[in-house]
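Below, subunit A partners subunit B and then partners subunit C, in two separate complexes.
Entry: the complex of A and B
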């Protein structure tokens, strides 16, 4: 064999292996995505199925309820997207720490402080940008506080977050009803001045709120940080295996602190966007804010902790929320139906092992 | 002054009961290696079903029974998901909390068309001990039961061989398996038992204490019970002390505004909310002080995978 021939064969060989390697890589990813999609679909199906059984026993027609839920829930695109804004952000507040191995259940209170601080700042400065920044700082600060307790005092972050959630809840109710109430409408807080409102613009799909665009930009920034920067790599490695992170010279404690700071900041931004861009005040029972953080956990899981997935999951859940209210208007079935469906979906999402078993069972059955 | 102390003691005995029951239940569960963060959900669902059954039968003991049964069923669900399906225990617990909250509120609205609370129901009669004139200690039989259960569980966990086997599953499941312990089954039963005790606590909220179901009936108590588990260092006897400490601040948040109002006159409106933060801030501070010194079961929260 001449050297030229060898060179040619070698080149052919490397190209071939490289190609098979790439194909293999795509194949693996494709299998991952397929399993993920299957898990999500199965979980949602289980959720709706159990909800249907419940509805049936409560004396409602499940078919009618679900057709109203989907027809009205996803009917008005502009409303749907604006509703999804806080959910995108609280889901991110759960998912970023989750990637780093921390369980942030405090998205609820981080959103509260973000909303409240943003309200105060825009009320006094009439500047929405300052308001948004203040919301980010407030939420991030609270997130950081929880992670400091976890890292330096070894406090379980779930317990700390729940205690802080309730403390902030009652503190906010006090501040809204006791100090910052609207003199004209006493059961509401002061209002964001009209000139500081984030507006909306016309698009082929109807009126879209600026806050939604900002939320999507926020999600994209997080996507960039998580997958294209050193910091994101640190977070993900520490989450997957704190031990190997330490071997590689990373400090997993830093990952906990940064992830909670980022997560809290996102929840705070969510609260700020909601107040400045959408509702403009907080009512004295906090019904506009209550539950947004908890629902965010389910959305983060459904979006598989991926910022892009979260946007779609948030839109999906928002539709359920809107649809749930229409269901109440049309059939009288309580809107908490949506909470129940979400709860069941989340439990179903906790058991990927069961789905993997199911898939391998199907595979074995097909081999026979 | 002495009357205040006695009243506070009486109130604390009331508020500590669910914390002790759920705390001891969770100690059993966590000692076997499973975390059940759904205590809050069990409180909500058990108290709701207890309220429904008591409302329709007029007998609080039936309510108590159903509340316990709901706790057992919740334990079976969580045990199945986290032990046999190897699910993520934290996520399953969070999902259960959301499910229990949604389900109870949904049924409450469907049954009574009320968004805030259920109608008043019968309560299990409490024992009243007159100490001085104008102050009595009111103690529910369930409180006494809770303390007895805690002592019994301590004896079982630390003085019997089956208790040792259970603790082995939480420390080193592989070694336990080699010893001939069925890790799956032990963890499953421990989860069911823990949830059952939490169910008693949930039913107590309605039939032993408040006398009706409200939207915020639990208000984070399930998580204070979790804090109690860490406070007690996974020891049921210390869980009684922890229940007393956390319960004290809960009682204080109720008693203090009433006392201040009667002393100085006037009625708190918005300020009342500030008093309600007391138990949460106190829990956080106490946990922050003691948390450095505790020792968690080593295999806690990790699904056991047989080779």
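Entry: the complex of A and C
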């Protein structure tokens, strides 16, 4: 052996010295989990602290507000879960494209078309399955449309999506008030026939809506696609490093198209589940639908862009929403205040991840 | 000469990066006022680092800088600009959709906020008359040829009262005619008393345009000479001469039949310019063909075209007699081609773990007919990589970013080896690695050669080329300058060829 080789072997040996090696192993293996856990605890503390200070200075008792928030927010499991359904889906509409490096702010309109098309199809066919499928197709189609503009026409997806959001919003208001209104209650759309409603079932935690189960199944399917298939791998690789994707023989443009198709389909399914499984019609001001898509962005970030994380994030957020209404009711706090409190908590929890995502996005742009 | 006024005086410049890489070691750099001074060196010689220090982009670890005799300390490029230093980068910093006038105005208001566009127009016209440099003021920048855009860049810096102009490899983006025009322009600037620093690795250009030249080699100052008093050969020797670092044993071996044939290949780079211009070669079983050349002479484009990542403009690529010119990369990989890119940022996904990174080029081996990834099989391959290449890693599920550079490189090479491909295209396999890892990778390449694989080794490291190659080819501006046995090349000849000097 040459002196060089001996030196190298020696270095190898010392590096493999048992104790340091074990520590190193633990460090590398769990460092991500540990930092994630620490991050969540820290940001939750900061969020609640800021909210508490705000409440205090506004003249409310923070302890009372928080105890109402949590007691009532998470008291009725069935209601809590059914409320989380659209959030799960719109969060995925944001997160799937985001993993592939696309910013989908169009979850809003993708949910609208999903809801509306599902409503029409179930109204005329009285078949909830067809309705759900139609919702998926409609939402996916709209998502795909935005990504086609981006890939083949080089139009910024954010601007395109925002414009489409408003176009679809007003188009739907027109359709609901002008054509598909309920003759008996004109400020509402036609209703999904009762026989096509997705029902509920009894469980140890109360009545659970079928739509929630379907939403969870949707999230699991997405989880499978993202982490166990070629397509998901393509999306994730393209999102993390488009150059590596090209090197491996993938086309990063395909990732953009597929991710928006999947994301849009999830938002569409969210709209369909909401209509067929929960509210059964759309009012002429669209108050049942408005904002669900935008909120999905925050929940996607809260769930660390992971389908399973998103389920829990959506449930957590729904609880805050429900609890917030109870806080208004019991303490007489204005809705703006409860919205602010919820906003502070969600932002505090989402910020570390959002920050990292932003940094990696900037890095990706530089590399191009 | 010594009575001439000194424009730049840099003495004892050291630059040590936070990761311990020593980029510059005790470099002196002295430029007289009104001369064109060449800065010559291979990749990684420290040319750009030195100039970035002068321009205030980075700070020297040690050393002093004087501009026109005054000691200065720069905190950023703005300080350098204030002292009359201007830099023209290889990649221009113009707004492509603005007109020339608007671009010049944009840069001028940063030092003179009250100026109007009319003032700027006046000033530019005067400047152009004085210097005899002409640019169309109302043309939109992206419609102009590259050479004219470069002239806009030069005027832009002069407009900000630059007395010292740094040009970073200015001819690398130009056609020969544009180069000639640039040189004429530079001569006029010199007459007007502007000091010019000309960074390059092209020997011919050094001889043609510079008055004096400073040669750097591996972060050290080799010498500063008056251009007229040296030959291109002298310069080549100064640039590449080195002590042999270590020797690797190489068994003599007769190469087999050709398995990978490239015929008259033309490839464009990202900007749409021809980067590979009619490259042809044969790669035989059991040989390492070393492709030497200074970075940016079409190596990356060539490698990418061979791997199927970049579109071929013209020409053919054959693997075992089969035309693969139009096949996508993933198909080529499954046919027995392997490509190790020159950058770990391309070859590896830092946020993914070892298994996921192993899968990147091995996808066709772990996928079922339903497009499902068999992660079990993938882990087996990842373990194989770790075993075969002695990768030091805490486990196959740890993210690649936590491994050292050498171990990352081993993964990149190893995941190709376990596929048992027959043709390897390897680019810069040891860049940035320590001695032990370098030796390991090189030995691995030799072992592959002994197993009758065909290897194309693309490297800017001449030691590596000389140590490993059974045959050597030199690439310059997208063309193969020469190809032959290592015995036919002396370091001096390699240096000349890499600098674009055609043998007579």
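Quick note on the criterion: the second predicted complex is superposed on the first by the 307 of 368 C-alpha atoms of A that agree within 3 Å, B and C clash if a C-alpha of one lies under 4 Å from a C-alpha of the other, contacts with A are read in each partner's own complex, and residues count from 1 in each chain.
Here is the rule we go by: contacts are C-beta pairs under 8 Å (C-beta built on N, C-alpha and C of every residue); 3 or more make two chains touch, one makes a residue touch a chain.
In this text the structure is predicted, and so the values were computed from the model without any measurement.
Once chain A of one complex is fitted onto chain A of the other, the partner contacts of A:246 are limited to subunit C, with no touch recorded for subunit B. In the superposed model, A:231 lies in contact with subunit C only, and not with subunit B. By the touch criterion defined above, A:329 lies against neither subunit B nor subunit C after alignment on the C-alpha atoms of chain A. Between subunit B and subunit C, it is B that contacts the larger number of residues in subunit A.
Against subunit C, in their complex, subunit A makes its touches with residues 4, 7-8, 11-12, 15-16, 21, 24-25, 27-29, 31-32, 228-231, 233, 236-237, 240-241, 243-244, 246-250, 360, 367. Residue ranges on subunit B touching subunit A, taken from their complex, read 37, 77, 81, 85-92, 94-103, 105-107, 109-110, 219-220, 223-224, 226-227, 230, 269-271, 273-274, 276-277, 280-281, 283-284, 287-288, 291-292, 294, 303. Partner subunit B is touched in their complex by these residues of subunit A: 54, 58, 103, 105, 149, 153-156, 158-160, 162-167, 170-171, 173-174, 177-179, 294-295, 297-298, 301, 333-334, 336-354.
Within the complex formed with subunit A, the subunit C residues making contact are 246, 307-309, 328-333, 339, 341, 345-352, 356, 359-361, 363, 367, 371-373, 375, 390, 392, 394-395, 397-399, 402, 435-436, 439-440.
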